[in-house]
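Okay, so subunit A shows up in both of these, paired with subunit B first and subunit C after.
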Partner chain A sequence: MVKVGIPRGLFYYYYGNIWKHFFKFLKIPYIISPNTNKDIMNRGLKYSNDEMCLAFKTYLGHAAYLQDKCDYLLVPRIDNFKQDNQTCTNFLSAYDIIHNTFEVKVLNYNIDLEHGEALKKGLIKIGKELGFDKQKIHQAYRYAMKKNEEDKQREITINLNKLKSTKTKILLVSHPYNTYDDLIGKEIIKYLKQNDVEIIYSDKFDEKITNKLSLNLSKDLYFKYSRDNVGSIIYAKDKIDGVIFLSAFPCGPDSLVNELVMRKIKIPHINLVLDDTSSFTGTETRLESFIDVLRGLNHD
Partner chain B sequence: MKECYLGVDIGSISTKGAIIDDDNNIVASAYIWTEGNPVKAVRNLMRILKEQLPDSYILKGIGTTGSARKLIGLMLKANIVKNEITAHAVGTLTFYPDVRTILEIGGQDSKIILLKNGIITNYAMNTLCAAGTGSFLSSQAKRLGLDVNEFGTYALKSKNPVKIAARCTVFAESDLVHKAQVGYPKEDIVAGLCKSIVLNYLNNVGKGKKIEAPIIFQGGVSKNAGVVKYFKEVLGEEIIVDENSHLMGAIGIAVMARRHKTGHTYSLEMNNIKFDTKAMECTRCSNNCELLKIYRNNELVDSWGSKCGKY
Partner chain C sequence: MTKIAYPLMGDYHVPAKFLLSHILNAEIISPPPITNKTIELGTKYSPEFVCTPFKYTLGTMIESIEKGANALIQMGGGCRYGYYAEVQEQILKDLGYDVTLINLVTKGKTDFRRIVREFKKIDKHFSLLKALYYGFITVKMVKYMDTIDDYIRENIGFELEAGSFEALKFKMLRDFGKVDSYHELYKKYKYYLKEFAKVKIHKPDNCLKIGIIGELYTVMEPFSNYFLEKELAQNHIEIKRFTNAHYLLFEKTWAIKRYLKDMKPYIKYQMGADASDNIARTKYLCEAGYDGIIHIKSSFCTPEIGAMPIINKIAGQYEKPVIFFSFDANTSETGIKTRLEAFYDMLEMRRGK
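Right after this comes the complex of A and B.
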């Protein structure tokens, strides 16, 4: 039986759960690379160029880690989610870069809603390539989507319940591949929790609602994931004490969108931009002072 | 015996110390270079402060701030360790309760703090890039063969500052070299540099923020008369530079040490205290964390840098 490798980065944080359920149903063995560590980061740096963002560099590291441990790598090519909902060019190029860099075969599926390439079509193609019949694949797809929806709703409920907390509430506006990465967001989350902050995650909202809400701030936001993030600010703005913008250097969409949003919103906020050279000391100063500002400690 | 409180602000470039009494009078103060060795700098600082402090005072609190605040906090057994933004705000509010804007340019950081009725309403700090801070000015002064202390007065001589790119210091530097090579007088280049610091700051840190008077400018760069002049010119407002502007962080953290005093009495004597740090790289997993172990009188008081929390 062939084994599929899933790099723990970028797309994994959006679709990993669907993939896992899909493969489980079809009993296809798969391997997910471990949490990002220095070794994976260094492998990634070796393959990347300086224009790529930190998250993409680590993604290449994950692919490098998996290349001799599986028969296929799963790397989607995500173009757009209909008009006005584009993804960043890194997402678009990932398939080709990995296909051309590593020897291992790459399972590919296109998501290009404008040209009728949906998530479903992609998974069917993968199922066929791995030798399953159509009926079985359809069952697996339905199962995966249903399971994923349940998991997602549970997470959204937990996230939204935090808005009622009596602690200091901070909305962390960041892409999930930064938020939950061990070398990017983990220490920030740890620090905030230690300081008794309730963290609300911008990616754990109902995207159908937040995507539309983003229009209140700007009508011509171009990137889907940015729109979802921006919408979460609008959704939560009256229930939170502050916003932390977290992005990986040099993220194109974030440098544009976060800048725009910071000029428009009236909530206290800070902007953190992380790179692989960052030590936590500078970040800590910013987080500590931000919490002080929110709690008005300077005024006791 | 009168009670007093010590605040120490250990920045990347300079180390500042201030001792205040219960009425916010500065009893002793010192400003020395950190020179890459905060522990040594603080030992020197304590010696200078000890000479200045009259015998009638008794030290009842120590606070540390600045980028080496945690390390020195352990060394001095401080009763409060706080970030420099809070410390600067508290220090400035002690002397200027009505302040609306604090501009601060230090050695590696630059920040802006907006206040209203004594409460911080907004602030920003430079992100990854350390462009337009004190260390840039001092390296450019060196390039031009000037002492950084005379840099400001030199800029005031100029009637016609050259235009230097304000976006990025790397561009600013190549601009500067170019201007020097085509023959612009030195004072015009220095003035242009001071102006580019101001524009850079307002574009990067101050962007989109409403800067309202009274405006206070502090941090090491506030001692540069040229930069002060161009802040005035660009903002069209009076810029207040306190004679103790370089000490504000230290004063602020001293005020906080007073607020959080525990009753413990401290000493300025550092000679009998042994303080060491040992760096090592952990090889237990692929993260290869750089660990720093801190010993006070040969006793391990803390260790930093571990991602897994094993140390």
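Right after this comes the complex of A and C.
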């Protein structure tokens, strides 16, 4: 039986859950690369160009880790969710870069709603490539979507309940592949939790609501994941004490979107930009003073 | 009265000014040419790690405002370029300038309805018919300029009398800006085609040939690539460049399909902005017998960064030298020169073998 490798980066944080359920239902063995560590980071640096964004460098590291441990790598391409919801160009080019950099075969599908390429079509294509019949794949797809929806709703409820907390509440505005990455967001989350801060995650909102809300801050914004993030700020703005913008250096959409949002919102905020040479000590100092400022505002 | 200004890129300020002055009842402010001050201003007020065209255009905007402009035009492309306008408008507002930004694109794509709406806001008597007529002339002007530019690029390195091409081009642009009908433009174009053919050149059959590919703004605005083409011409090299305004506006949509077909063993999808185009051009340059490839881009241009490993791979397979330049506001000019010199020394040595 063939084994599918899933790099733990970028797409994984949006679709990993669906993939896992899909492959489990079809009983396809799969391997997910471990949490990002120094070894994976170094592999990524070896294969990447020095101007690539930190998240993409680690993604290449994950792919490099998996290249001799599986038969197929799963690397989709996400172009757009209709014209006003496009993605960063790294999401467009990941498949072609991986395909040209590594020897391993790549399982691939394309999401391009403007041209009728949707997730369902993509997963069916993958199922067929792995030799399953249509009916079984459809079942697996429905199962995976249902499970994923349940998991997502649960996470959203937990996240929204945090807005009622009496602790200092901070909205962490960041892409999930940065937030939950061990070398990027983990230390920050750990530090905030130690300091008794309630963290609200910008990616765990109902995207149908936040995506539209983003229009209040920016009319022309057309990056899907940035729109979801921006919308979450508007959704939560009266219930939170501060906002932390976290991005990977040099993220294309964030460089403009975060700049615009920071100029427009009136909530206290800081902007953290991490690259492969950042040390946590510097970040820690900034987080410490930010929390102090927020608490000072609350108690006066 | 509205005083309108536009961003600068290469020589395209001539058709831009021509079009605006004919279709809008507004004062047209010509932005001052790009200088070191422009990029300094732009860098000062730009976000930290944005790509360089943002800084150049922002700098030009501020300089235009100082010249009296109160409405600024911004365009867009298939990457974050399409989102420049809104951020730049906010930056200018925070600086205390009272200006409107006229964004000609929606979600990264040229939007004609929006253009008409925006122009109607400026000029109540804006006539679509007139705009279409002058738009047609402008498109032709761009096409003619690009054709002549291609000829110049092939031959400027071999002119007998230094500066003759540039002087003639200067005259041509001045004349193009003054035309009033398509017929007149066509006559001027034919005249200058003959004039350019008359310029004396001495071109050896085995001259070095280099192809320039890369990110569109850096390729088209000579100031932002530290006058790379001029530098190459001084070393008697024939230059081939693909990206120009006519290509981006009209040919790209069709070309990209052909490119993707050609490039099947390497790439499957469009990789954003001009990345896939440049990969296809790399293969073309390798097969067409060019001596080397120069890839230029502004710092942090994400689509081109993605294209670079694949370009490198293709050039490696064809054993063609390729050199990458990433330009920023504070790139050292000496560094560029040294690397370029080493590059064509190497090309000449390969020729000698």
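One rule holds in what follows: the second predicted complex is superposed on the first by the 296 of 300 C-alpha atoms of A that agree within 3 Å, B and C clash if a C-alpha of one lies under 4 Å from a C-alpha of the other, contacts with A are read in each partner's own complex, and residues count from 1 in each chain.
Going forward, a residue touches a chain if its C-beta (ideal position, glycine included) is under 8 Å from a C-beta of that chain, and two chains touch if they have at least 3 such contacts.
Predicted model, so just to flag it, every value in this text is computed and none were measured.
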Inset, instruction - Go through the superposed model and pick first if A:N37 touches only subunit B, second if only subunit C, both, or neither. - result: first
Inset, instruction - State whether A:Q194 touches subunit B only (first), subunit C only (second), both chains, or neither. - result: neither
Inset, instruction - Identify which of subunit B and subunit C touches the larger number of residues of subunit A. - result: C
Inset, instruction - Using the touch definition from the top, say if A:L92 reaches subunit B (first), subunit C (second), both or neither. - result: second
Legend entry - Partner chain in contact with A:T281 - subunit B first, subunit C second, else both or neither: first
Inset, instruction - Based on the superposed arrangement, let me know which partner A:S289 touches: subunit B (first), subunit C (second), both, or neither? - result: first
Inset, instruction - Give one of first, second, both or neither to describe whether A:T166 is in contact with subunit B, with subunit C, with both, or with none. - result: neither
Inset, instruction - Check whether A:F249 is in contact with subunit B, with subunit C, with both or with neither, and answer first, second, both or neither. - result: both
Inset, instruction - May I ask you to decide whether A:R263 touches subunit B, subunit C, both, or neither, giving the answer as first, second, both or neither? - result: both
Legend entry - Which superposed partner A:V273 touches (first subunit B, second subunit C, both, neither): both
Legend entry - Residues of subunit A contacting subunit B in one complex and subunit C in the other: 249, 263, 273
Inset, instruction - Within their complex, state which residues of subunit A touch subunit B. - result: 37-40, 182, 187, 249, 262-263, 268, 270-273, 275, 278, 281-282, 284-286, 288-289, 292-293, 296-300
Inset, instruction - Could you please specify the touching residues of subunit C with respect to subunit A in the complex? - result: 47-51, 54, 79-80, 82-87, 90-91, 94, 103, 106-109, 266-273, 275, 299-300, 302-303, 305-310, 313, 326
Legend entry - Parts of subunit A lying in touch with subunit C, wherever the complex brings them together: 49, 51-53, 77, 79, 83-84, 86, 88-90, 92-93, 95-97, 99-101, 108, 110, 218-223, 249-253, 255-260, 263-264, 273
Inset, instruction - Show which residues of subunit B lie in contact with subunit A when the two form their complex. - result: 67, 82-86, 89-90, 93, 118-125, 127-128, 207-208, 259, 285-288, 307
